[in-house]
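All chains are identified by letter, namely A, B, C, D, E and F, in their written order; residue positions are counted from 1 within each chain.
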Amino acid sequence: MFKIGFIKLGNIATSLAIDLALDEIAERTDIEFKVISFGPKMTKKEGEASAELKAWGPQLVVISSPNAATAGPTAAREIFKGTPTIIISDGPAKKEARDAIAADGFGYIILPMDPLIGAKREFLDPAEMALFNADALKVLGAGGAVRLVQEELDLAMQSISKGEIKLPAILATPEKCAERMDFQNPYARAKAVGSLYMAQTVATIDAQACFRLKELEPIALAAAAGHEVMRAAANLADAAREMEKALDTVSRKPHARSGEPMKKTRLLEKPERI
Amino acid sequence: MFKIGFIKLGNIATSLAIDLALDEIAERTDIEFKVISFGPKMTKKEGEASAELKAWGPQLVVISSPNAATAGPTAAREIFKGTPTIIISDGPAKKEARDAIAADGFGYIILPMDPLIGAKREFLDPAEMALFNADALKVLGAGGAVRLVQEELDLAMQSISKGEIKLPAILATPEKCAERMDFQNPYARAKAVGSLYMAQTVATIDAQACFRLKELEPIALAAAAGHEVMRAAANLADAAREMEKALDTVSRKPHARSGEPMKKTRLLEKPERI
Amino acid sequence: MFKIGFIKLGNIATSLAIDLALDEIAERTDIEFKVISFGPKMTKKEGEASAELKAWGPQLVVISSPNAATAGPTAAREIFKGTPTIIISDGPAKKEARDAIAADGFGYIILPMDPLIGAKREFLDPAEMALFNADALKVLGAGGAVRLVQEELDLAMQSISKGEIKLPAILATPEKCAERMDFQNPYARAKAVGSLYMAQTVATIDAQACFRLKELEPIALAAAAGHEVMRAAANLADAAREMEKALDTVSRKPHARSGEPMKKTRLLEKPERI
Amino acid sequence: MFKIGFIKLGNIATSLAIDLALDEIAERTDIEFKVISFGPKMTKKEGEASAELKAWGPQLVVISSPNAATAGPTAAREIFKGTPTIIISDGPAKKEARDAIAADGFGYIILPMDPLIGAKREFLDPAEMALFNADALKVLGAGGAVRLVQEELDLAMQSISKGEIKLPAILATPEKCAERMDFQNPYARAKAVGSLYMAQTVATIDAQACFRLKELEPIALAAAAGHEVMRAAANLADAAREMEKALDTVSRKPHARSGEPMKKTRLLEKPERI
Amino acid sequence: MFKIGFIKLGNIATSLAIDLALDEIAERTDIEFKVISFGPKMTKKEGEASAELKAWGPQLVVISSPNAATAGPTAAREIFKGTPTIIISDGPAKKEARDAIAADGFGYIILPMDPLIGAKREFLDPAEMALFNADALKVLGAGGAVRLVQEELDLAMQSISKGEIKLPAILATPEKCAERMDFQNPYARAKAVGSLYMAQTVATIDAQACFRLKELEPIALAAAAGHEVMRAAANLADAAREMEKALDTVSRKPHARSGEPMKKTRLLEKPERI
Amino acid sequence: MFKIGFIKLGNIATSLAIDLALDEIAERTDIEFKVISFGPKMTKKEGEASAELKAWGPQLVVISSPNAATAGPTAAREIFKGTPTIIISDGPAKKEARDAIAADGFGYIILPMDPLIGAKREFLDPAEMALFNADALKVLGAGGAVRLVQEELDLAMQSISKGEIKLPAILATPEKCAERMDFQNPYARAKAVGSLYMAQTVATIDAQACFRLKELEPIALAAAAGHEVMRAAANLADAAREMEKALDTVSRKPHARSGEPMKKTRLLEKPERI
């Protein structure tokens, strides 16, 4: 049994699906999960508190959070130095910062298309928060980001099982995500790529609302604009998938009970080992 | 600082947002979270393993999972007898079963509109899983289920803080959920109610795929039909919210830094204490 | 010339198209129609008044109405005992009730996806009634229910012409209806199935408005919710057909001038005898 | 009890709802209906056969059919000269032809927006026929044509009851139909008007398919184009109604049990006598 | 270098793209353009002022304007008698008028689907004008009118280069336009044809607003209805193109650097000389 | 009569509407237009050729083009130094470059939301070019960019007429554009802002296709993705306007015959002098 541990600090939409994506029908017999989180909190205190996962003896640790360069995620990383650990976050996007993470022996997948929410009391409430995450999850799921994470975690676990640890070092781009979905129709792929770029635009807009603007009206307006673009991105991602459905060429990659990767393309065909 | 602990066994869409919904911008100063999960797994073993949350001394425990009548959630409940604990699940829907839970001193919120996923390898893969959850979260967020849970947990925490423990005993219906959203436009409310009924229909369809059908083709077709209805429900829920946007009457209920409930209705107005 | 008589008591959406479906361009030379109705009325009085069709000497009688177990349709059935007669209705759904109808020598097609309208003065007016029927007809037409009825009536007439009377005994399910449309794309088929399930959900919601609720507000809200789901179901059924159009694989089954069944699949190909 | 008789020769979409529109919840106690039809057939033979309605002694006869200038409807009119009779049809549109009908003592409502179907075996089958009627009914219902007919028939019955027979002489235009719906939002009204014009365009396109073109491909293409415009018109009519829903200003005009006209505007208000 | 001159008098949507359509990426090395316009003005004065293009020595002149029978375009034509000149306009539609133009030696392409805008101050402002042109351009671009113009101008230039002047004499119909787009899916083609018919309907509606109606309310309502139909037509044209995208069969006909016509069908294939 | 001259070098979507926007119904009696263009060409040669406009004696010259920093537009500017001239372009976006333009005495309006087209032969053909411009024009028209340009040109002309020349120096942002549309509904405004940000994202994506990528497949895919985002932006801009229609609060600013600015808000009200 492979022991994989997750530390979720604060929230990005990827975090919502990250563990579920490894065993989507809860039938794998080769893997054990442990997930620790402190809900929305992600300060240094929570980063440090994540140390308690260590006692469980995870073979791979995944730390997912917004901006991995902040204090909480940084504190958590310190603790797991030495344990195979993969950072999943929407940043840092800068190469040097990512290289520093890699230099410390961590794997990483940076997903700039998992955007900052419009996190201001003037706009956000629990319902709006849920809706934003729903839209983001749609883009990530249909556009290939969820699969990219799934495949890389599966590969990392395999490498650890074989004793040849290999961790990902990936700055995800819209193109790289969409490639994973094996779109047969290039227009569907273009829609997916477009929706992922739109998600990146959301981050820019929401950053204004969260960090730069100071007055109620511009904050509420910017946050609302960001969430409108997120919703439009979800619609475009959905259209990409509908286009593949129209050709019955949706690529599916479920896990076998043994954990092995499988795939199928036509809805009424059986999944097969890859 | 109020200590609230979450045990997430397996996944329902509500679980994705349940802790985040209590502190949506991560600025509350009156509350501490601890969340334990075993990813998709929810057998008796995981139910028992959730015991480790006890050491933290939570003042309120929330156990969210699919069908609370199954072994895992039941085992978890046993452990927290005596601690104020709320069960959140899509079932059991039967009155006697719910009464038994209440008789054991547990609070509960049963949400039949948080539907079973089409959990068969013949259909589901991580991407499809993410998309289904996105659609479900949209319905729950726009239709009022997320708010119902948020408000009830907030009330329960207040009651505990005051020393007069009062836990919810709610079988959520589409009407009860929609009521929480304070729709100003009755057609928007009707759309929300309709989308929640559709989500309940999804459960019926997916249950066939998961439990009754045995052949590849009918399974894949039924699961696909269930997910199509889920997607249509998300669209209808989205239309409900757009209709409220059209009147600038979207009800928002953010938390103050102190944790107190606030509300606002017009986008460009300030949230105020309720 | 085959003489087929129709008695339409009250209204279900199927009734709107049932006779037209047997001779869609009014060119068949082998069939004569007579249709009697009393508009919206369907009490025992109208059931009995339908006796006047007898004098015309129909070889097959079709009695279409809401719930065939009510007094009007029951009275009409009494009259045509002995004449080959097919009952078309949205109920009764219970097996015993259907068996009793069959035991009396009647054929039947029960269509639970032809749902009860929100028939309360607090909500329904002639325009809303027309719109609901439009949506229902869209689901029934695109989802295969219209074809199921058409094919079964055609078969029954053939059997009578040959002197080997064989009447249908069918409880239509979403799956059985969709099967008749020969969808080439399984996602289109799943959408059709989903839309038919949604139509069944409408019946549940509208039944509350019609029979259980007593106050203006809940009645209007429930009826409106039912009609919203009906509209969403029409949109999903429409999407199913658009998906088949996208592949140019829409199955069409027109009647030859002689009444024989024909079929075509590609838009620009000729229909051919089956 | 007012006795109103309907003769439906062949089909126009208005015919589907015409009797139901007078007693939409089947509770009026002041009116009796009798409807005779010959299904899709509408030749002179059927026109003459409609004579049998006379024996019932209707106080008002409504003859609905495609183009009232053809042999069948003309024959039917002959029979009911002397009985108060209203012609409902999509034509003739020419003033002289309509004046001739009026000169014979008949009332009429000509609805050019109830368009000719693409009635060619190369394109139409029962499912397509149902779908076209669904779209047409949507336009007529949301755009005000159904209400215009309803109100005019109600007025005619009242006039007859009072002994001062007054029958309508109306060439319905998009503007006149939309006026009946009491749209509060002028853009909704413009959408309704636009959708009715589009329905008139459908008639032009389908007439080519039915009467002018001779080859399979142009026929199928023209009929398909006509039906696509019909579907687009239904969508626009639907958008008109959604816009009124957004303001909670949908005008509803149900019948009281006594048959009196009622009206309501807000969804959650009671209908009141006009 | 081929010298082509354009005189744009007033505006039709085709004018917006007409010169750009001959060198869409501005890389042709065989052609030189000169375009003269007087903005929205198109009276006789501007028609005459267009004489100044003569000095440039164009080998082909294209005069585009609304109704070519009005004074401005007529004056312009007079000036270029003798120079190869093509008239592009939405009218005159009458055969004799077109024949007269041809008899004077001019080529013409009349596009009744490039409709009159709702040009009344009671409705139109610059933003609305831009939106109407956007919708019209969508229909013309997706429906084949832009390509028809492009191909005919390319052919005319080739004929002039070869010294065998041949100018078009085309009354564009929806069918002729759509044919140019080489739709592979006949339903996509039917949608395109339908959208072009709808555009023609717009002209009828807007003509009422512009020329017949006198009161504010009917004018604003008619103009709004016309623009709603234009918008619906754009949506239908868009759906036509999406359907071709779904099959990856969008026909593209770019120009080579040398000006030669090229074509490609699959998105990821190279364009090739025709 | 005010003489305004336009030099359109190459194309941006704003150019399509820029002159028409000053006299949308061609009835102004106070203004004369002259427009010169060289179609798609915009090299130094065309820049210099624009000198011929000088002879006409324009009181204000507007030079619109893609990136004003390139050779063609720069050459044109040189020529009109001394004449009141406004540059309208999508760039340069950098402050220093804009300041240099202002320092030379030119006014400018830089519109980064009027994005670069996917100008590669591997993707673009005349039809696709028209469709992209249609989508861009929709965003610019509904989002307020067209109005910003219109109002600024009107103001500049007024200032010149009064002898107090004042030219704009504006880097348009999404927020500044949307502000001009006087949205009453803040969600509509947020949608407009969002759509303008999306248009800016298009520029980024298309720039890759045009300048950075070298292989057919990535070029075609990137260009297609850019155009998909443009189309999604048009849909979002359209939704913004529909939302204002729903409240009958669309702001319209037509020109009086005298050229004075007018405005109206409700569809059925008269425009009035501002």
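Simple rule for what comes next: contacts are C-beta pairs under 8 Å (C-beta built on N, C-alpha and C of every residue); 3 or more make two chains touch, one makes a residue touch a chain.
Note that the structure is predicted; figures quoted are calculated from it, not measured.
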Inset, instruction - Taking each chain's centre as the mean of its C-alpha atoms, give the chain farthest from chain A. - result: D
Inset, instruction - Name the chain whose C-alpha centroid is most distant from the C-alpha centroid of chain C. - result: F
Legend entry - Type of chain D:chain E copy interface by residue overlap (half), same or different: same
Legend entry - CA centroid of chain A to CA centroid of chain B, Å: 22
Legend entry - Chain centre separation in whole Å, for chain F relative to chain A (CA means): 39
Inset, instruction - Please report how many Å separate the Cα centroid of chain C from that of chain E, as a whole number. - result: 48
Legend entry - Where chain A touches two or more other chains at once, by residue number: 186-187, 190, 220-221, 224, 246-247, 267-268
Legend entry - Inter-chain touch pairs (all): A-B, A-C, A-E, A-F, B-C, B-D, B-F, C-D, C-E, D-E, D-F, E-F
Legend entry - Sites on chain E touched by chain A in the complex: 245-248, 250, 266-268
Inset, instruction - Under the touch definition given earlier, write down the residues of chain F that touch chain B in their complex. - result: 185-187, 190, 243, 246-247
Legend entry - Residue ranges of chain E touching chain F (in the complex, touch as defined): 6, 8, 10-11, 16-17, 19-27, 32-42, 119-131, 133-135, 137-138, 140-142, 144, 146-147, 150, 181, 216-217, 220-221, 224, 231, 234, 238, 241, 252-256, 262, 267-268, 270-271
Legend entry - chain F residues within the chain A interface of the complex: 174-175, 186-187, 189-191, 193-195, 197-198, 200-201, 204-205, 218, 220-222, 224-229, 232-233, 235-236
